[in-house]
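One chain, subunit A, appears in both complexes that follow, with subunit B as partner in the first and subunit C in the second.
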Partner chain A sequence: MIEIRFHGRGGQGAVTAVKILASAIYLEGKFTQAIPMYGTERRGAPVAAFCRVDDTRIRERDLVHEPDMVVVLDPLLNRSVDVTDGLKKGGLVIVNHPGAAKDTGLAGDFKVATVDATKIALDVIGRPITNTAILGAFAKATGLVKLESLAEAVKSELPARLIPTNVDAMKKAYEATNAPVDASGFKKAEIVKKTSTQPMISYSRNVSDWRVIRPVVDKAKCVGCKRCWVYCPETAISLVDNKAEINYDYCKGCGICSEECLVHAIKMEREEV
Partner chain B sequence: MSKKMSIRDLREEEVMWSGNPACQGCAGSIVGRLIFKALGRNSARVEVASCAPGFMNIRVPSFFGPAFEGGAAFATGLARGYKVIGREDITVAALIGDGGTVDIGFQGLSGAAERNENVFWFTYDNEAYMNTGGQRSSATPEHANTTTTPVAQYSRGKTSDKKNVPMIMALHNVPYVATASVAYPEDLTAKIVYGKGIKGFRYMHIFSPCPTGWGTDPKDTIKIARLSVESGLWPLYEITEGHKMRLTYKPRELKPVSEPLKMQGRFRHLKDEELSVIQEQTTENWQRLLEMDGKTIF
Partner chain C sequence: MKSEVMVGNKAVAYATKLARANLIAAYPITPQTTIVEYLSDFVAGGDLKAEFVTVEGEITAQLVCLSGSIAGARTFTATSGEGLLYMSHALHHTARYWAPVVMAVCNRSVRTMQPDHTDLLAQRETGWIQLYCENNQEVLDTGIMAYKIAEDDRVRLPVAYALDGYVLSFTAEPVEIPDQEKVDAWLPPFKTQYPVLPETWDHDLEEYKKHWAQGKGINEPFTPFAGDENFSHLTMVSWGKGHDLQWRWRAHQEAMMRAKKVIREVNEDYGKHFGRSYGNGLLEEYRTEDADAVIVAMGTLASTSRVAVDNLRKQGKKIGLVKLKSYRPFPDEEFRDIGKRVGTIGVIDRNISLGENGIAYGSIRSSVYDLKDRPKVLGFYAGLAGREVRVRDIEKAAEMTLKGAEGAPTWIG
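Up next, the complex of A and B:
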């Protein structure tokens, strides 16, 4: 039996990804399971989903604790969640990362394959929803499923208007995937349990790794009209010397400030990994 | 009548901690922040089941989370308790979602309004039960696609119109009823500052888009709220003493309703004829409101 765990953020489609994967492998004549992890997931919060594949009927019904493969949909996720927790020796990690395998911050007795799924998703679909792109990379790196059956399975999970772009993203990611590299010699990035920089109540948390794009203020253009300050849902913008100042610990990268700025002083830039 | 304010008149002091677990681009958290910025910290928060208790890190000394249907009853008890101990200066602010107001909490709300309890009731209206995944409520507009009114071969979304709760509350003859939008923070604050000075039951209905439930881009939250006001879908008005009606924002010319509706995923299926029906109803409704503007109604 092959067990797969997907790590993503709410809104990136980890649950849809396991459903598509399970249906695709089922179409190839195997037994599969797709299990979402239920909790208080909101858009941007870390989530997990699981998939099992076997040649015979699967009797297990619990969550996957010791996966053979791990798929990570977000490049910054391994800084706040231990994505390789319980991964079997000689396992495989497929991670959405723009750099090479050694830059991902993953190290241990397993292989790492990378693909810049966020870029592909932004180019092809237009939104940073990386689930279908990463499935293309999964097909290439593991050989467990054919690209055609993934394209067939997408039809049952997504609305018709989204199918062509998502299949295209899959194909692009399939071609762009870097081959798995042994990760035993790499340096492991530290997992930081992020806490607030100010003494605040327990609800207050560092949400800096939720965002894909970050707002950057052009201080020369800013006129201090306070519009971004009043419309910021996170209370992350303050005015220092009558210029907008963003606290990146609490910015979720929604883009309201950039959209509402009358003098176009706030630009959205892709978050560096 | 509320006095005109500008963004510069808003209180500098922050009443809400940063770092809440709300979705990206959540209008509800902007609403919560603006309300308590205007009310100040000398207030008590009552919130029933909704996104609000979970994500609003509001620095108000007392917070209460009663049962879903008991919001108004609880606020009543709280207001009367403060009266007994001689602390009527504390504003009892009920911050309730549209489900807790228009469906589940409506009997208690109507009772509290009829008794004219000293409560300031805020509804932040995201037009469905968004905390549980987007089930339809009475505040959901016609044709909206929700998880319980899905658009399919023979279904065109919700079949009935949005319940006009601000007008129903005005008919209770309460001292103050107002509608507001998250895109007009100065208007919202002015209404709260005016309402704070009145004794009795005050009701405020705030339009707050939900990017997750409405299928919109998080960056468009404020834009949709503004376009909804400018197109007449969500008119801004206030009704004082139960009958004096005034429109607080009158666009010179209404924008077409297709502008805000086309941006929302829940209205993606709308056909041109359905859009023109909505446009007709909206224009008619706006004309009716214009006739009532500045007059005594009911």
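Up next, the complex of A and C:
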């Protein structure tokens, strides 16, 4: 049996990814199981999902604790979650990261393959939803599933209008995946539980490391209508001198403010890794 | 035959579609909600011809099904946890009117949204048949069998089939979908016992009119089977023996007991037609041959337990598993038979009757009490309020069972 654990953030599509993967591998004649782990279900919150592959019907009903493979949909996730916890010796990590394996902050007795899935998703799909791109990378790095099977499985999981771009993202990621590199000599990034020095608002939790993209307000354009302030789910926006100001400790980067601003005063920019 | 990687809730929706339920009423509650969504998709897309009644709560959902069933509709509802508790008094009504409503329950702990079995087990006195499933294939197959059991003339009782919320509701795995024609051939259209709409009633209307014209009505039940104890419940068509209402409980109990035979038959027949059956329908034994001891589990704990039993067998330990599928009616004869063969029975309950014990533990102990050489029966609690149950947790319970340790029920995990 092969066990795979996916780490992502709410909204990146980790749950859909395991479902697509399980369907694709089943198309190739193996038994599979796709398990979502439901947490707070907030956009941006760390989530996990699991996939098992075997030659016979799978009977295990617990979560995956000692995976053979780990897939990470977010380059910064390993700063707040120990994504390689329990990973089997000699295992494999496929991580969405713009840099080389040594820059990922992942280190241990396993291999790391990287792909800049965020860039591919932004280029091809237009949104930082990295689940289909990372599956393309998974196919390349593991050889466990064919790209065609993934493209077939996507059909039953996504609305028709989203299929062409997502299949394209898979292919691009497949081609752009850097081959797995031994990570035993690398330096592991520290896991930091961030706290805020700001006054307590929102769920009083620092969610700044959930962000893949950050809102930037153009104060010259802002007319002070408070639309973004009403819509921000994290109450991360205040109006100072009648202009929107974002508290980046509490902003999770969902982009709702930018969508809602009628005068286009808020642009979303990619976070530095 | 098609197959698809699907979540448990979709398997429920497929079963309902294949059984051609034509009246659906349900109120959404996590983790049941997507069942209602899949079904409304089927209805809206024309794949299922059914009346879809949106209701303002679970009591109404159940009462719509009850009255629809009386009028001749094949009915379906689904709920979870608190929704089921809210529905509770209506459950009694459906059962006492012998309305063969079928309901899927995504088990949800009343303490969290995650699964345990206390929600449905707390309804064990409502007079519903209760079947617990361990994987999504069994969910789909049981969802079809449920109608055959419920509508059998010897039973005519409502059936609830259960899947662990989240663990099956939202886990996707391969499920084979039987062909519609085969299901149609196996499961004929529903006919009601009640003379509401003549076209959906399965008795002779002229005979019925004569019965009332003779002034018999209330005191002498109208039924073609009156006096035949196998069909005593059909007397529900009239008031029966005046105001002697205790006989209704008695008739209901007799139908429940008859249901054991019917469940066994339907399970076997389903196997013949569709290639899959589940133990004897009431329970399933796994590697119990030559076992010194067995563990008992329900729902997905039975699935995980199979792995634990295989692991211990590899170490030469003679342990087996009994998957308890039907909690109502309760397979007491089967447990007596098992009790004669093994030294210890370890019952893993994903539920608790506060102030006493695990619910299955009590039933199983009571079943084997009259045996001359009765086995020890140990109790374990696991997976309450959705706590994850790992293979090693079950192994621990199995090892303790093999040792035959005495003492109060043990909390595992």
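One rule holds in what follows: the second predicted complex is superposed on the first by the 219 of 273 C-alpha atoms of A that agree within 3 Å, B and C clash if a C-alpha of one lies under 4 Å from a C-alpha of the other, contacts with A are read in each partner's own complex, and residues count from 1 in each chain.
Everything that follows uses one rule, which is that contacts are C-beta pairs under 8 Å (C-beta built on N, C-alpha and C of every residue); 3 or more make two chains touch, one makes a residue touch a chain.
From a predicted model like this one, the values you see are computed outputs, not experimental measurements.
> So in the superposed three-chain picture, is A:R43 touching just subunit B, just subunit C, both, or none of them (first/second/both/neither)?
It touches subunit B, and subunit C stays clear.
> Based on the superposed arrangement, let me know which partner A:I58 touches: subunit B (first), subunit C (second), both, or neither?
second
> Compare subunit B and subunit C by how many residues of subunit A each one touches, and report the one with more.
B
> Just checking: does A:P233 make contact with subunit B only, subunit C only, both, or neither of them? Give me first, second, both or neither.
First partner only.
> So, does A:D218 touch the first partner subunit B, the second partner subunit C, both, or neither?
neither
> Where on subunit A do the contacts with subunit B and the contacts with subunit C coincide?
none
> Please name which positions on subunit A make contact with subunit C in the complex.
18-19, 22-23, 26, 31-36, 38, 57-63, 65, 156
> With touch defined as at the start, can you tell me which subunit A residues reach subunit B in the complex?
Result: residues 10-11, 40, 42-45, 127, 196, 200-201, 203-207, 210-211, 225-227, 230-236, 247, 249-250, 252-256, 258-260 of subunit A touch subunit B.
> Tell me, which parts of subunit C touch subunit A in their complex?
4-5, 135, 137, 164, 166-167, 170-174, 300-301, 303-304, 306-307, 388-391
> Which part of subunit B faces subunit A closely enough to touch in the complex?
Those residues of subunit B that touch subunit A are 7-8, 10, 14, 16-27, 29-30, 33-34, 54-55, 57, 185, 211-212, 217-223.
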